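Going in written order, the chains are labelled A, B, C and D, and every chain counts its residues from 1.
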């Protein structure tokens, strides 16, 4: 078994129109820039995939990564907790124009819904959002005299994530706070595609050091020296750039 | 001519259906034997409930490290690409549908797919372990078992009489006589020992065996 | 004489109530300033939603590693004893009651403990982040805020008019004029600037300030 | 801040009568033998704590660890999934004599209930045990056409666990499959006490290698070369032994 694949093109080849795609990263840390840009390349060449639902904590910044996916027209819906980071103008303009849908989810509920999706838990109760507008329409139940809101699992057709090291079995390690949502997204997606800074043979990662076990991973593509979204945005990068 | 497979032969037959790269959980006891018979050129990744993925065979006697065990509390070894994780993550793998196949033992299997394999009734100390989770988690839940009990009673039945492990969960049964699928609430006979007639098998089965074409011969090596 | 604390002074006052060894989450923006004023000899462990425990101050300009940031997407550094974890574990810490204190900003705080700090109404793009989780998780939820809005309207009110972040969650408010506890659905004035009379403070507060003995003087250093 | 304490006696000093105590380990791997035996020493000297509810996957084997806690009379109830491992006779005899209560929980449900207790999730739905005797009396709900059983969180007053390395902040690493329930028990207990093979200063564990962050840990006591329950049982050890 070897989950390593050779190219970014291959890595994003089978995401269909209308797919729900979880994308790792919190702000710029952990954003799989090269996978996202490969998806844009495919869209610009073929017109597909489009009408994607993207799940991420944010809704893109500047003109790269998720912002570029939106700007280039691949995205019809965002599920996120904080679509208002530094320079979110691409999302903001589309949203205010009614061209993109938004499902706003508290950050901890977003994380727990994704984890539940990966763990086979169809619903759970949380105190978060009780008595607020974000709980409207959701079942409420009392446990031990305290009210809680019922939330449903969140799953995806694909997860695109970034890790530090990946082995042939798909075992992954991450780099510092770039870990964030990626381990739980890997659990919750039917197919998880990972860009890693270093791809190694089975046995190349200490079993104690594995953060995401390979069972949650389907494809690993090596991208040495990956781009960092924050650095790109500080350089005011656009994707695609002037051709 | 063979009239009944040994446990090793049942395990061998079950192992033939495990594809390369499959993630597999083998129940405690008899099902653990399936690991011995992986076909040449295929590599399955074995999962154990207590937090190990990618383990290999037992170590030599005296070489055991008792911090490295499987769910049956037997010493194991690691293969390259192994990973450790905690119990909640381990059952996230199970319940979340990440295992390709779980192979379990059975007291009874019903034509509805119901499985009874954890309790023989109210006497003694009840113990369930991970079986109730496994039957609802793996993409494919298979059973390996003798076709009948030691007393000669059918283990494949219309409805289970013992306490259930899970409802409608089993899709294939490998027995000492046959390979039987469960489809739409029916047993479908896929393979049988050539030495036995359909009537012979039916006589030892507690529910109607349906056919979907002629059953193939169940052929296994001497082991 | 001081008639209004600066933001730094409000943050300083809030920092005095953080005990040695406390696990603390500071909201994005103004609350982050609290970290600067830890009293000598006490060490708080700071938590950030995006999966870091035990981080320290910002690195020097040009020294940033953008994979090491806080929830406000600002670059941070690590202190000895730090740990990384994923987002579900991070909010298990929050929701599971493992944080000792969360200090947040506010648009409005009601005498019921209700907090409004995420939305100023239906215009624009809504964004909530981790605030709704934090208010139900930390053992103590405190607010730091100017006592009134830029237009001079009270931020401490009988009932919030803006969309709620959480119901009955705030227990202490540090403002530019006072320290106010919330107990049994009442504001209780604990400390106030010496230069202001009770009537002065009450006039700038949208709900009745109760007393539990004479309020102490709110004394902070020049910062 | 330094969570390291000097003695096992101190480590178990404040567990009261009637407490609910989660104890790490699966079979012998990860069993905190020295902490459990310190608890027995305290009980034999003072008569306390008694009437404990113990949460563990098993119900003890042989005459050490949990089996010794039961045999010496500290335990009134077990919550476990598999009280029938090698030589469970101590539990078996008490149970059949009606002297000890048993709450039987499927193993994955046990793990998820503990994790829920630590994560502030008061209840969740699982497919596990639906239609079986173990679901009797529990609420059932359908999601997407499939039936699920509602399960409640499980919390404890104390967790006693074993780890490999612990630092002054309580950050922990584990050794191989000895990890099992310990990380989630550390989350679910009001007070978590850990025996570690090696106690180190803050900074002695790589932040990437931390499995249990220190926020879940209250006290760390070093026990170099700890005993292994399986080895003790193979040697037919009893605790306390002949005095």
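Note that a residue touches a chain if its C-beta (ideal position, glycine included) is under 8 Å from a C-beta of that chain, and two chains touch if they have at least 3 such contacts.
All of these numbers come straight from a predicted model, not from anything done at the bench.
Chains touching both chain A and chain C: D. Of the two chain pairs considered here, A-B and B-D, the higher C-beta contact count falls to B-D.
Averaged Cα coordinates give chain A a centre that lies 36 Å from the centre of chain B. If you average the CA atoms of chain B and of chain C, the two centres end up 56 Å from each other.
If you average the CA atoms of chain B and of chain D, the two centres end up 30 Å from each other.
Of all residues in chain A, those that touch two or more other chains are 112, 115, 119-121, 126-127, 174, 176, 207-208.
For chain B, residues touching at least two other chains, in rising order: 52, 84-85, 88, 91, 94-95, 136-137.
Two chains count as a pair here when they touch; such pairs are A-B, A-C, A-D, B-D, C-D. Chain B meets chain A in the complex at residues 20-21, 23, 43, 45, 47, 52-54, 78-85, 88-89, 91-99, 136-137.
Across the complex, chain A meets chain B through its residues 1, 115, 117-121, 167-169, 171, 187, 201-203, 205, 207-208, 210, 213-216. Against chain B, the residues of chain D that register as touching in their complex are 26-30, 57, 59, 81-86, 88, 91-92, 95-96, 102, 104-109, 111-112, 114-115, 126-134, 174-184, 211, 228-231. By the touch criterion given at the top, residues 48-52, 65-69, 71, 73, 84-88, 90-91, 94-95, 114, 119, 124-133, 136-137, 163-167 of chain B touch chain D in their complex. By the touch rule above, chain D contacts chain A in their complex via residues 112, 116, 119-127, 141, 143-144, 146, 148, 152, 173-174, 176, 207-209.
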